[in-house]
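The same chain A turns up in both complexes below, where it pairs with chain B and then with chain C.
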Partner chain A sequence: MAEEQKEAKPKKRMTATQAAASIGPLVKEFITGTLRARAEGKQKLAYTFIVCHHEEILRAMDVVPVWTENFAGICGAKRDAERFLQRAESLGLSRSLCTYALCGIGFDQWREELGQMPPDSPWGGQARPDVMISTGQILCDPRSKWYQASQQFMPDVPIYNMDLPYPMFQRDQDHRDVWGYYHKYIVKQLRGLVSFLEGQTGKKMDYDRLRELTDLSDRTWNLIDETYELRGAVPCPMGTGDAMNTMVPLCFMMATQTAYDFFVNLKKELEEKVARREGEVQQEKYRLMWGGGLPAWYALNDFNYFNSKGASFPVETTYRMVAPLTKMDIPDTQDPIEHLAWRWLGYWTFWYDKAKKRPGSEPDVERLINWIEEYKIDGIVMHEAFSCRTWHVGLIWQLHQLAKIYKPIPVFVAGKGGTKEKVYRELPSLILESDIIDITSYSEVDTRNKIDAFIETLESNRISKAS
Partner chain B sequence: MTAYFAGIDVGSTMTKAVILNDGVVASVIGSTGPEQRRLANKVMEEALKRAALPFAAITYVVATGYGRINVPFADAQFTEITCHARGIASLFPEAKTIIDVGGQDIKAIRIDGAGKITDFVMNDKCAAGSGRFIEVIADTLGIPLNTVGDLSLQSKNPAKISNICTIWAQQEVAASLAQGIPIPDLLAGVHRSLTERISTMVNRLRVEEAIVVTGGGAKNKGLLKALSEQLGHEILVPEEPLITGALGAALLGKEMAQRAKLKDAPLKTKERILEEIEIF
Partner chain C sequence: MNGREKGILDTVERYYKDYGLRAKDLSAEGKKVIGYMCSFVPLEMITAAGCIPFRVRGNIHEPVTTGDTLLETIVCPYYRSCFDLSAKQKYEFLSGLVIPHGCDSMVRSYSVWSYSLPFSYFHFVNIPTVCAESSFEFFGAELNTFRKSLEKFTGKRITDDDLAQAIRVHNEYRDKVRALYEFRKADPPLIAGSEVTRVLTVGSSLPIGEANALLDQVLAEIGRREKTLLKKGPRLFIDGACIDNIELIKLVEEIGGNVVADALCNGARDHFPHTDVGGDPVDALARRYLGKINCPKTYRENKAGTFEGDTATRFGDIGAYAKEFKVDGAILYVYKYCDPFGFEVPARKAYYKSIHVPLLHLEDVYSGGTMGQLRTRIQAFLEMIG
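The block that comes next holds the complex of A and B.
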């Protein structure tokens, strides 16, 4: 039976920072915190998704968020997702759907069938919610459909489906011409969430508290940006492997003092490491960007493998879900709901103006180019997770576009007549292929063979780079 | 004194060795089997015999391919991506895209005018599109593998093979055969299905001419025709498409030795002993 098929425990990944090493207990605490809250029954629990700019509302209403993507990721990282995926498959859901959703649906079905947590559930399991707040994100329909599927096993749990669009990039149009309409719509969606939660909790929203929490989040956003910019140092003091840990406070703990304090400490730690010239890799030879795609949570050790070859990752586009508010061109407002909506629009349109200035560029490509320069990047690594369209559609196109419009590596080649000619070579890239949590899609041997070939390409560039 | 360099490519299906000085002196191709270390030893012995050289005459040995770490006498290892690129750049200086149709996987590599890799993709998840796909189909049809290409060229009406999974395609071919579809049409259909898979992967690289195909797949004329039609480009094939990885490995060894000499640095080499090693 599927429930017996637990996979071998993964080796622990080495972290470069104390902060990243401290994440495990932090996650465990907020998972067990949701279980405690469930047992005490004083607060309402809400299944919900990350990157929706609604944490402040949940926390101001004393609603405990249960981050379902996080729990699925934990199952993947602990290599214990397969039995839940198989459960979902036995319900008739295809393995090619979002495996976060499949894992969550399989888990929910099992928990509801048993009337208790499935045996040996990772970190005690995922608490049963009182409400579910789904939030489609333009392309990510599982964020709407997942909870509808789970509602089959929990018909008593209501869903609030929130829609958060943003204007698409159009080279010949200023997004500010239309974002007022988007803003009105998003404000309506967020106010709808407040009324829904007021109805469910029987409490009225405390807008002063909401304003305080929004301010706390804003300060955390700016602090994260300042902290992550320190990773631009040579050698890089903290890589993407660690950032896949520090995404926890960034994505799951916003609007809490704990998250703010975490980044205060991380910033201090990085400043000290930079002062000591202490890197993620001491003999740093190559600086890479994780240019897109969610990680294979069960294979985070691959970052250590890159490190063992002298490669560090000063920056990643994945989970860098903040932009400095100081550089964001959004209107001021005293209404915290209106501010959340503006911040949402400001974040998603952050690279639009810059992208318009470069022929052939697009916001995602522009971000790559800016960070290639800012973080002195030698190569780009992406991960195509077969089950996730939202974050993975367009990655190859981005690389193609980047190669077309941006060739940063100067090398000498033999020109006509035998003379040396300086030409510019495109940045090497590597696309890894597997999944976020479905380990059956992953082969360590093949992945590392690809990494070896990529490192050889980087080395070849390093040797032939014109001084 | 003439310096000799050896490259050995331990692939998933075949093991290949090349010995060169200014040009190729000897090359050997043997099947890999599970005991890679022992076979690497035998292939190397055979290559030395053909070159009429003692092992001590080899200045540097580079191993490549999936089994590269199982070559105990190799002085250095490089991935097959780097070695194929180097080997092809030496044979076809105009090459921009390399497609290696191997026994268990396919690789596509883009190289620049200087023969340096700018990008690559590999299909290592599924046998669909690899040489193994054709082996399975040839076995199902009961025909020798080396006749598949020529037979497929006799087709007037290629069959539609819709399954891309090797196992399901095998069943589909068997069912089509039972319906009386001629073998040449089935093989042409199989090649079409295979090249659709290959070109989907290769197109991720922004294919540029000249395109060179290597590996066992390059010996199949039917596959080459279908691939050329699918990509809409002419295809070049080396005289012996199986040895380009080993050739590249030997050339990389030669370059390493030359660089060491220029810098007056010592060249670290293994002891020149070819012994059978028990690994199982």
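The block that comes next holds the complex of A and C.
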């Protein structure tokens, strides 16, 4: 059967940091850890999603999170997603839907049909959950629909769907005028999660522990910000390729001492590299921003290809799912649940005030502008993954708007009478197209041709730069 | 067909073909016409503000061009078409636009709409994704924010009495639509599915008072029909998002079927649920739009604990309509890139099987260019069930 066939193993990507190189075993350990927990049967396992500000609650209740997006990403990175995608298609699910979800649903259906893991499942497979925690947010429909679809094959596994909205950016509205009722609602939704888990585990929430874990997460948030700021050095000590590894503790291991320690070590490593002027690329010629889109997990080697052309990536908007709490304008509270809700709102509205001050700007565009300046960026690369509307709709427009309101490259042009005149040009940008895990949408040759052409543009700008 | 019938149906045809004709005139007279996307926008609020709600529509015959320069092609094709027409200034007579949290395509493109189009008013209404008591409370607060925003735009205070009056007239419209559907119960039906879609599409482009008057005339005319022009054939149900072009339904009719009922955003899903009267109007609106509009985007808890119990709760309205309108088969028509409906396909298929209604699932891209392929598939389906 086609679905039994696995694709060729990808070449391993070169990392710039020791920290990034250590991620593989870490991920494998927490996947196998969920399988161990399943076998032991002492803890409840919860299917769930990243970026929900609920890790503290799960860990305080000793519930083991099973990050379903992570498992799908692993299938993609190991080029072993196709057989699960085909399973999902055979159920009537369109390939145009989120392929993380399709991979997960295909896997679940197969595992439930067999009563055991599908043959040769990546890293032993994805453990059967006791509960599923969906998050209907203001974005990402699949987060609300995925587990509901999986429940068809596991009707005994209950779902708690937690609504986590945030106020949309509206130029004529101050988000603080409305966030009171948003906060109230989010707090109720999070408390609902606590009582759901109390019912499922038979244990009461230990609020002192929750407070400690929330404090640990907050400290990790600030530490990550300080660590990633070091990437602003020239040459850049760590690029986006590595950040696609270090997103693991950032997205899957928050509220653990391991995640905190990981970033302590990464920060130390980056400080040492900066002191030695050791970069991701030694002869750094171009500094690029990964300005949007999830990566093609099966093609992370493309980052090495950029590096081979002298391009480094000091910053990315993808998976930078934290903002410094020290710069966040949110009320203080001793109640950890209330704090989680404020942190949620603080994160999503982080760029609102700045965006309002710049005519024509908008939070996503404002973040690009700020980081272009902070990280001394020469060009922007984005990735359009066809199956995900959540992170990929609006990217074209962001580039348009950016070009309209922000032109940072000074160049000389021939003016009237042959005099040299200084004008300002917008940053060049590149949009790559494929998918997060569906490798059938990817062409290495086309992608690299596009990268080559983009590098030529960057080189032309470098030569004509008038500064 | 008598002369009088031809008169009102000609008006419908004219407004359908030149969509927005009346709204354009009203705008020229100084009225504020507010465009909206999706059934989640509380129209009563717009009416109570003294404005005219106008459903932005796509066109399956118009290739998407300008829209693609600003919006990704992975957006729902229906929504892309609506944006494309707006970007080409088809709806330049609008004073503003309201977009709700209906799906990712709407949320993620809100900035694209609000920065690219020249309207002086934009508002985003956040719709909860779940249906808990706290969700209604939150949604009520969000509706009050919408109310304030409209008040600021129009300079007119919206009182509870204004809202109660708006609720009354919009409920009247819903009653009339229900009455129109009654004509579909005969076999063959007294009104064609394509006529119903045409009337409802036009209705969503008129001030509610005029829409009510139009429906009155249509109801009177259809009521006078002595015999139908339709032939007996398989009675079909259409399930899906928004179908605001009649081609698909006409196609079914051309090959011998009759579309007699639906669960569509611009059909029964939106028009059958009423807003409660007599209590707090904002709370009533929150409960109608969140609780009663059965959209796959809204998560409803599986209280039964079984798959069959869950689907019976989620899709029970379909089963009830299928029975009431005596359907022989159903078409589940889903747009490519539509996550809310797309993820429900296996469960919906299972549900139709459980109620013994044969189902044809079609994935399409909101284009006149696909009608040939659809014809073949629908023809085969009709032969199978006929």
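Side notes on the structure shown:
Everything that follows uses one rule, which is that the second predicted complex is superposed on the first by the 467 of 467 C-alpha atoms of A that agree within 3 Å, B and C clash if a C-alpha of one lies under 4 Å from a C-alpha of the other, contacts with A are read in each partner's own complex, and residues count from 1 in each chain.
By our rule, contacts are C-beta pairs under 8 Å (C-beta built on N, C-alpha and C of every residue); 3 or more make two chains touch, one makes a residue touch a chain.
None of these values were measured; they are calculated from a predicted model.
The partner of chain A that touches more of its residues, comparing chain B with chain C, is C.
In the superposed pair of complexes, A:L139 makes contact with chain C only, with no contact to chain B. Within the superposed three-chain model, A:Y182 lies in touch with chain C and out of touch with chain B [touch as defined at top].
Shared-chain residue A:T258: touches no atom of chain B or chain C. In the superposition on chain A, contact of A:H400 is made with both chain B and chain C.
Of the two partner chains placed by the overlay, only chain C lies in contact with A:L91; chain B stays clear of it.
Once the two complexes are overlaid on the shared chain, A:T326 sits clear of chain B and of chain C alike.
Of the residues of chain A, those at positions 396, 400 touch chain B in one of the two structures and chain C in the other. For chain B in complex with chain A, the touching residues are 66, 78-82, 112-114, 116-122, 124-125, 204, 206.
On the side of chain A, the complex with chain C involves touching residues 91-94, 96-98, 101, 134, 136-142, 144-146, 148-149, 151-152, 155-156, 158-159, 161-163, 165, 167-173, 177-178, 181-182, 184-185, 188-189, 192, 360, 362, 364, 384, 386-390, 392-397, 400-401. Of all the residues in chain A, the ones that touch chain B in their complex are 396, 400, 403, 411, 413-414, 423, 425-426, 428-429, 431, 433, 441, 443, 446, 449-450, 452-453, 456-457, 460-461, 464.
The part of chain C that touches chain A in the complex is made up of residues 69-72, 74-75, 101, 103-105, 107-112, 114-116, 122-124, 126, 128-130, 132, 134-135, 137-138, 141-142, 145, 149, 152, 296-297, 299, 301-302, 305-307, 310, 334, 336-337, 339-340, 342-347, 349-350, 361, 363.
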